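These are the structures, in structure tokens.
There are two complexes below, and they share subunit A, which is joined by subunit B in the first and by subunit C in the second.
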Partner chain A sequence: MPRSWSSSMAAVWAVLRKECRSEWRTRYGLNAALLFAVASLAAVSFSAGRLGERTDVLAALFWIVLLFATLASMSHAFVRETENRTMLLLRLVASPTEIALGKLLFNLVFLLVVEVAIVPLFMVLMSAPPPRWGSFLTVLGLGTVSLAASSTLVGAVIAQTRGRGALFAGVSLPLLLPVLAAAVSGTKAQWIGVGLDGEIRLLIAYAVALLGMSLLLYEHLWED
Partner chain B sequence: MLWRWLIFIWIAAFMIAAFAWAPLVPVLEATTRVLYFHIPAAWVTVLALGWSMIHSALYLWKRDMRHDDQAAAAAELGLLFCVVATVSGSLWAKAMWGSYWNWDPRETSIFFVLLLYAAYLALRGSIEGEEKRARLSAVYSVIAFVAVPFLMFVVPRIYFSLHPEVIDLSRGKVDMDPRIRICFSGMLVGFTFLYFWLQSLKVRVTRLERRALVS
Partner chain C sequence: MTAAGMVTTPQTVSLSAIGLTHRYGRRIALQPLEFELTSPGVVAVTGANGSGKSTLLRIVAGILRPSGGALSFALLGKGIKPLERRHAIGLATPELAFYEEFTARENLAFLAETRALAQPGQAVQNALECVQLETRADDRVADYSSGMKQRLRLASAILHRPAVLLLDEPGGHLDAEGRAVVERIVRQESTRSLVLLATNDPEEMRLATKLVELNGRGLGGPS
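Up next is the complex of A and B:
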């Protein structure tokens, strides 16, 4: 049923609020993601030692820690609905696109919270040289948008399959490898101090393509 | 039946011509001949994956199982030709660059494409119910094809690669000896027909299987 723009936005906002509230009540998704990120960061930090000069390794490790934290926890926005058998109820009150957009915004917020915790910790534990914040945050932000867009779509697909958890990482990762490659080389470039326009353009194009295609696909995620 | 023989004779004839008639490129020497095999395989990969994406989108639009059969068969064949392109490229890299695999941007890209469509097949295998499997894999196939042009065309042009550019899209011309060009075009056409023949076989098998299941 087609609805007006403002009521759709209200539905998206309601889904986002509902997601945030139910996450806040249990916090198990957030706790798991933070715990996983900190644990993998610690594992990387003590096994690799101090890498202050090796910015190429630092950039790779940073994105791998972030990606793993994402893959370990991002599917739960949809899997939770399936496990609690609340998906049907949610679909009664909002259209598939509205639900997916709400979840996408929630995933973005979720990732931002994880990053706020991870980025300073990474810089301290790995004794990384100070980044050029403008370029660093641009790369991080664009990478985050792609991460959230792909996990929302894949999460919604995965929630309807057998073996949900295991498949999520395997199916998301190939979609995210171009992001990983561009983000790692962008992060490295800002530490070295060379231009990273190519990487930023690639990240923007990929994020826009993922988001645009997702918007067209959301309404096919569930059967009418 | 007739098609099979025509394709066989066509590819065999150009293969012989490629060895007996076409000259070798100075620096590449004998490895020139990988050109007649590697590039058509890479071209068929993109063609098959595009075919899969188009039929996935058509499935989402029309909800006709025939489109899903096409999409699934094309993804499998795309993966197969992608393996052919990867292996032939890797052998060539051993001869020219000294190692089978050294993460040149081209090698990285094609490896990501392999992973993407392996994930597609893994996803297909884990969904119960024909309609649901068709719908969800169509969604994934469309989003996966977003990555393919980036990997096949954008990334190798942004990052420095040692991979030779036979077909330079930016200059819009092909640097080739006329005899090499004839053999190369013949192989391109041959591989394209080979792909569509395999595709039609695969789709027919899927339909027969379904009919056997129903009856």
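Up next is the complex of A and C:
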């Protein structure tokens, strides 16, 4: 009795709406992400001053702030279901793929909201040179997709294990290093005005590979 | 079942188990079991604590893969794979928890939307009225008593009028009025569905027309 495409999309949409409503009610991730971003940028700004000339440091700092501000919250999209014992409820109404896609979309929305706050803050506090918006947003968008896909996948895999915190860091690191390397390099390249085709190709390939692998794995996530 | 995933007419369901068994690690949770059941009707699943009543219901629901044997689940003669059974079953079990930051109505609306029911608002209202929760439907679940949460579990199980209704200790935490609600739901659903009641309560067992007795040694079972 497989579901129709429209019914599956309705389930994905319902999970996304549920996640957004839950985040809005609890502010579980958003407050923590914004607090981390503001505090870390302010601390760097006070201690190192303006880094306008150091585009290599700026690019690395930007992605470090974005990564650490959002990673813990994104993994919690699944972990929260396990800790609150609501995973069974979800499994009774939607397939693992529908649940995971809903949570992936939520993580994308979450990242976009955090980025809307962090990007202008970063530019002002760090006195970063004006970005080449087309290239900058392309790198940011592709990095965002990879970040959301990897943290959703790892969050789903570790949700029902013991020692989730340690596992999340250990499993995420090798998945995220190529994304971070390409995103930092691409962000720096757009500031100094050199070509970044290689970085963009790598980010596209990685995002596609992560999404494809996720879609293959999700259906087998919770087979007891 | 309609395209929206909602059962509106009586459905013939057949369940048959052959040598069905389950282990959690080395511990035997469900001793080898055989049965054949068809809808409509009420079947009481009884047995000592730890004999595998909840495990059996989870296997029927398709959320637990048995360690041995086979369970076939057919709707209108067509076999349904475990992952697809969620469309045909409703499960109320003590392990079922809800989103505490949402109200009961919001929780049920989420389930109705995820199940892509044709008229989610109406289905939610009907389920709330059926378990007599409508006056507290807009309170957050965090403020609910354990009895009210149990009523919400029952509402979530009947929301989509499933072909198989799985009730695990349905009278748990309920007062006399709540137990009457359970009895009414079981009688009502049993005219069109197959109702499996995991219970050791004599009052609930009285509702059943058939009995599946689990022979596991429960708390004293072998490890």
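Just so it is clear, the second predicted complex is superposed on the first by the 221 of 224 C-alpha atoms of A that agree within 3 Å, B and C clash if a C-alpha of one lies under 4 Å from a C-alpha of the other, contacts with A are read in each partner's own complex, and residues count from 1 in each chain.
Quick note on the criterion: a residue touches a chain if its C-beta (ideal position, glycine included) is under 8 Å from a C-beta of that chain, and two chains touch if they have at least 3 such contacts.
It should be emphasised that the depicted structure is a prediction, and the values quoted were computed from it without experimental measurement.
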Touch check for A:Ser6: first (subunit B), second (subunit C), both, or neither?
-> second
After superposition on the shared chain, which partner residues are touched by A:Thr86: those of subunit B (first), subunit C (second), both, or neither?
-> second
Using the superposition on chain A described above, determine whether A:Ser127 touches subunit B (first), subunit C (second), both, or neither.
-> neither
After lining up the shared chain so the two structures overlap, which partner does A:Val157 touch, if you call subunit B first and subunit C second: first, second, both or neither?
-> first
Of the two partner chains, subunit B (first) and subunit C (second), which one does A:Leu167 touch, if any: first, second, both, or neither?
-> first
Contacts of A:Leu210 with subunit B and subunit C, given as first, second, both or neither = first
Classify the contacts of A:Ala181 with the two partner chains as first (subunit B alone), second (subunit C alone), both, or neither.
-> first
State whether A:Asn31 touches subunit B only (first), subunit C only (second), both chains, or neither.
-> neither
Just which bits of subunit A does subunit B share with subunit C as contact spots?
-> 223
For the subunit A and subunit C complex, residues of the former touching the latter = 1-4, 6-7, 10-11, 13-15, 17-18, 21-22, 25-26, 84-86, 88-89, 91-95, 98, 219, 222-224
In the complex, subunit B residues that touch subunit A | 60, 108, 112, 115-116, 118-119, 122-123, 126-128, 131-132, 135-136, 138-140, 142-144, 146-147, 150-151, 154-155, 158-159
Complex interface listing, subunit C residues touching subunit A | 1, 3-5, 61, 63-65, 75, 78, 80, 83-84, 86-89, 91, 93, 95-102, 106, 110-111, 113-116, 156
List of subunit A residues in touch with subunit B within their complex | 150, 153-154, 157, 160-163, 167, 170-171, 173-175, 177-178, 181, 185, 198-199, 202, 205-206, 209-210, 213-214, 216-217, 220-221, 223
